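Before anything else, here is the set of structures, which you'll find just below.
Common to both upcoming complexes is subunit A, partnered first by subunit B, then by subunit C.
After this line comes the complex of A and B, so read on.
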């Protein structure tokens, strides 16, 4: 990722197959123009290849995002949704409305934000822990390792809707598998619990989210482990290091760059997750499982006020930008310091 | 170092953009200018969004397909049908409204008429439009009362009329020694207590279904002398009478314990299944016949009685026992086949089609001349017709109606969840939920 930033001219011209500039070409206007063209061709070709991706990126991501930002400054109520351009500008009114925590809309948004933070910390932590444990346990070859790897990756490979709707069936109060096992068979609860409404919905959400996402952590960490030279472990074993010491002093430091990106990506996915809560709970999520993405959707579609809904979205975007903007430099510095310490010692 | 920082920043920015764009895109989309004038440049096809009236979306397709073929034979216009479930229909219509890309003809819940009318997405049925579909006087007056705000041309015309009835399992009543269906809520609770026990319950409730909750809230509020909207169309969700009304309904589960706690989760018509299986003995529903049949309950196994009242007999005022329920058919203003769309509305509201469709779906035709048909003289429809004629009231036709349904429906869903978890449902807890809902109503 880092090296990709530096353009390697020699490599590119080779890949582009551009002919070298005419040797010994006479200097003059014609020659200069040819040289300019030539340089343009060599330098421009990679950008030409990038162009379709760039256009799609603009169409699919950037333009809707800018439209969303513009919407957040408009009074886009039901009277204007069939003619957006006719909606009056609202200035910062939408923002004032959604951050006023003394009123129900702002208070509900704040509560949803808090729940989402707690959910994200818990889900990302568990995903990472499970992924790391499984990856380390499967670092050494053993019979059936390939099969187990494939099995572990299954939740990640299944379509979201299909797998989450099955979880919703399993979490049903009356006929669900979860209550059947916990209550009917094991007798752990006095009466069947509710998972899709009420306070347990938070736990249901964490379980499904971790189940779905941990294989990704597993996959990435497994790939990261492959890059650690075996010799390090062998040398440390000769020096008398046990498994825990190896994990602490070899595995974890070597995985730092992988973890940096993995945790960030898991954080963004989990924080923004719309599919899992929406499929699990439907349109109106119970308050204990009221994640922010569904909350914004619900707030927009209940009141048909897409201006305030967009304002909430933009605030969410700003929050994630700030978190990421702080996270990367901070973790990079730690990484560099650790690397430095390691070299010194 | 500097390169690293730039790289980090690039990675950060790209990742955040990618991750959040999905969410913003939810509210985004390309703003096609909608509200354009209807045209006729696509005269050979129509897209029709039908609501779910049968026992499943597939069932609706089976019923409608031969009728649409008839229309194609008569006019040469091919109708592309999509049946949309109730939980999605309103959002699909909203999305179509904001993008301008929608169907030509669509079904709407009649209670949404004024809300959708306010968006300007539907073609107003003025005199000229009515003339093309056979005239305003073809329709039953009460059904026309739920087609938009008073004093404006209707945003839609009625296609199916419905009302609530009390469906009960005859076998369960016989076993419990109950000889006649309850006529007041006190009688219903008493009967419900007799019918509850051994894992079976007196009443089935669709506790997580916002629309059902809102409909019941409306009727119970009427019976307690409350209206959710004043004459100016302003909402008041948490009046003391409304609190009592909601408390009484949620109380069937929380305080009277005649409904299973598991019902708090029901949103996919599970309660109809419970009645058919005998798991619950009573159900308040509109035209449940076809759905009961699909779940294996024959017409002679259940009875239908008027929905109970507080005291006395069903009537107007505090003795309202049903909303004027029904489905309207509307023309999307952006249609590119206006003539075809109006022809299709005329076809769907013709006597012949009204008889076929309403009798199949177990509804009553809102068309005067079709109502006289003997197909609509079943005992079930007699009860529903009686309610519509004497004791049903329309939900307020105001722009905020659909918001009211969502907000009070969700508040009641949360109350049912509390009741199921064993938390007390008191005047105070109900008022708190309703006040929160009130504060979210658009100003």
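After this line comes the complex of A and C, so read on.
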């Protein structure tokens, strides 16, 4: 560490060595002023590097989000859409309106929220399970591993709309592949089922979502497996541990930190997912497959009441924040404890 | 003194590269014990992987074969194999909808968004990884938490902001490719920065400090040392950014007009009120998927290496 040898007053700006200093910049005559300038320049440098990212995030994420929150407190009906800042303030009326479960809007929102929760738990669980199974079973080389890996990753690489369109094609009632196999060829159902309307639409949604997302879990877990030192397996093999024991006592505990982030990311993506339901069902989602993002989209654009639509989005964001806020400390604690146990045993 | 440093530099760089390569190789070598696994494990592996292979392959197979079917085959009962193989759908797709224009729009939008996003992510990750400054943690936390925002929350505000910017300055963001590029580049930015910070952290600081000793400025050290050493991570981030921009539907459907429409929205054109030309839909899906799937599969090695060194640590 070259920087460590410069005990200057910049120490208060944070831990670590500060900016990598350019040695040879010893203070010459009139060095004091130059050093101040230098320090300013160097102190500002990281901010300069971050500037483009900051500007973009402000423009596309932060400011629109704040505007969205502001909109949720306004009575933003179709009469004010051309001049939204002129819309009257509504206080908490929008929120009261959308959480009132005795009225149709609130009841529909609650139902959609419940469906989304069930959908997310199922889809994330299945994605993780399939991804983990494939990654662990493919940890050792065997013939055809490379080809199989490419095949497994293909659904993830396909653009979302293309994969959803393929599934919509296969889920057709009269001419679809799924009914052809289940009804015509295997005879499992008395009648060809409807997949894109009615109760089955929930299952269709889960299947499509899992099909295109599980390879992501597979990819991340595959990368996670590569960081486990080989010596751990060799040592345990010498101690007589078989493959299954190794998976339970070495592989799974080592994957805990990866799992923590992976499950959170999968949860957020699945919960917010708009593309899959929107392309699968079009503008009118059946009530069994009415996921929250499409629900909010429809609630805003069908009634042209963007105030209540924004209120719903803000509630959704608040829910995600709370879940993430609870999830991270909770899993970190378990992880630390489990990690400790693994090391002791 | 300086001379000797300069002469030593290529050597040191080669050493550094060798070190990075050795680490990547070491990563690839890890795995379970070299002894043959027991039968129960081999059979579980066969069964589970076969089932997964069928699950993954059937839709791809359906797309491929249906894209080679004549229209009668896809308007009647499903057939596993075309009654006659035809490449007709691949010719028709270009006339039914202006697919070439959508294609061009998608390439411009996704390409520009990827280039800008990667460049911005590199300098941001460099700052976060190599400097200690006030607000560093705030920056990373804020950027990452934007991943949580439901797209639906800022769709309409963003739309209004773009319209207002257009009215105030005359820069057309709404309905233009530029607006879509700006939007998409920020979508991939949080993940890209996060992953590259992890990757840059895994590159020994001694490397860029040595470059600084040799008289490189901060930018020089970034471009000559960090970027070459982090190529797998950067490629991985670029793949991710391109795929994100190539597949986005929600913003594309609101923010584009007839001339700037991208593939994500344009593919809907094959469904008319009465008919869906499913064979053409499948052919078009295949054509728009080939660039991303091929790129992804060719470069997935980098993605795994990049994730291994960066994100999953």
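Here is the rule we go by: the second predicted complex is superposed on the first by the 309 of 345 C-alpha atoms of A that agree within 3 Å, B and C clash if a C-alpha of one lies under 4 Å from a C-alpha of the other, contacts with A are read in each partner's own complex, and residues count from 1 in each chain.
The rule is simple: a contact is a pair of C-beta atoms (placed from the backbone, for glycine too) under 8 Å apart; a residue touches a chain by one contact, two chains touch by 3 or more.
None of the values given here were measured: they were computed from a predicted structure.
In the overlay built on the shared chain, the residue A:77 is in contact with subunit B alone; subunit C does not reach it. Once chain A of one complex is fitted onto chain A of the other, the partner contacts of A:62 extend to both subunit B and subunit C. Judged by the number of subunit A residues each one touches, C leads among subunit B and subunit C.
Of the two partner chains, both subunit B and subunit C are touched by A:306.
Using the contact criterion defined above for the overlaid structures, shared-chain residue A:222 touches subunit C, although it does not reach subunit B. Looking at the shared chain after the overlay, A:268 reaches both subunit B and subunit C. By the touch criterion defined above, A:89 reaches neither subunit B nor subunit C.
Look at A:103: by the touch rule set out above, it reaches subunit B but stays clear of subunit C. Looking at subunit A, you'll find residues 1-2, 60-65, 67-68, 71, 84, 174, 261, 265, 268, 272, 274, 293, 296-297, 300, 306, 309-310, 313-314, 316-317, 320-321, 324 touch subunit B in one structure and subunit C in the other.
Listed in rising order, the residues of subunit A touching subunit C in the complex are 1-3, 13-20, 22-23, 43, 45-47, 49-50, 52-54, 56-57, 59-65, 67-68, 71, 84, 130, 133-134, 137-142, 148-163, 165-167, 169-170, 174-177, 179-180, 184, 211, 215, 219-220, 222-230, 233-234, 236-237, 242-244, 246, 257-258, 261, 265, 268, 272, 274-275, 278-279, 293, 296-297, 300, 306, 309-310, 313-314, 316-317, 320-321, 324.
Considering their complex, residues 1-2, 4-6, 60-65, 67-69, 71, 77-79, 81-85, 103-105, 108, 172-174, 192, 194, 196-199, 261, 264-265, 268-269, 272, 274, 282-284, 286-287, 293, 296-297, 300-306, 309-310, 313-314, 316-317, 320-321, 324-325, 327-329, 332 of subunit A touch subunit B.
Touching subunit A in their complex are the following residues of subunit C: 27-33, 35, 37-38, 40-41, 44-45, 48-49, 52-53, 55-60, 62-63, 66, 74-78, 120-121, 123-124, 126-128, 130-134, 136, 139, 142-143, 146-154, 156-158, 160-161, 182-183, 185-186, 189, 193, 205, 208-209, 212-213, 218, 221, 243, 246-250, 263-264, 267, 278, 281-282, 285-286, 288-289, 292-293, 296-297, 300, 303-304, 307-308, 311-313. Residues of subunit B touching subunit A in their complex: 3-13, 15-31, 33-35, 87, 91, 94, 97-98, 100, 115, 118-121, 208, 210, 260-262, 264-265, 267, 333, 399, 402-403, 406-407, 409-410, 413-414, 416-418, 420-421, 436, 439-442.
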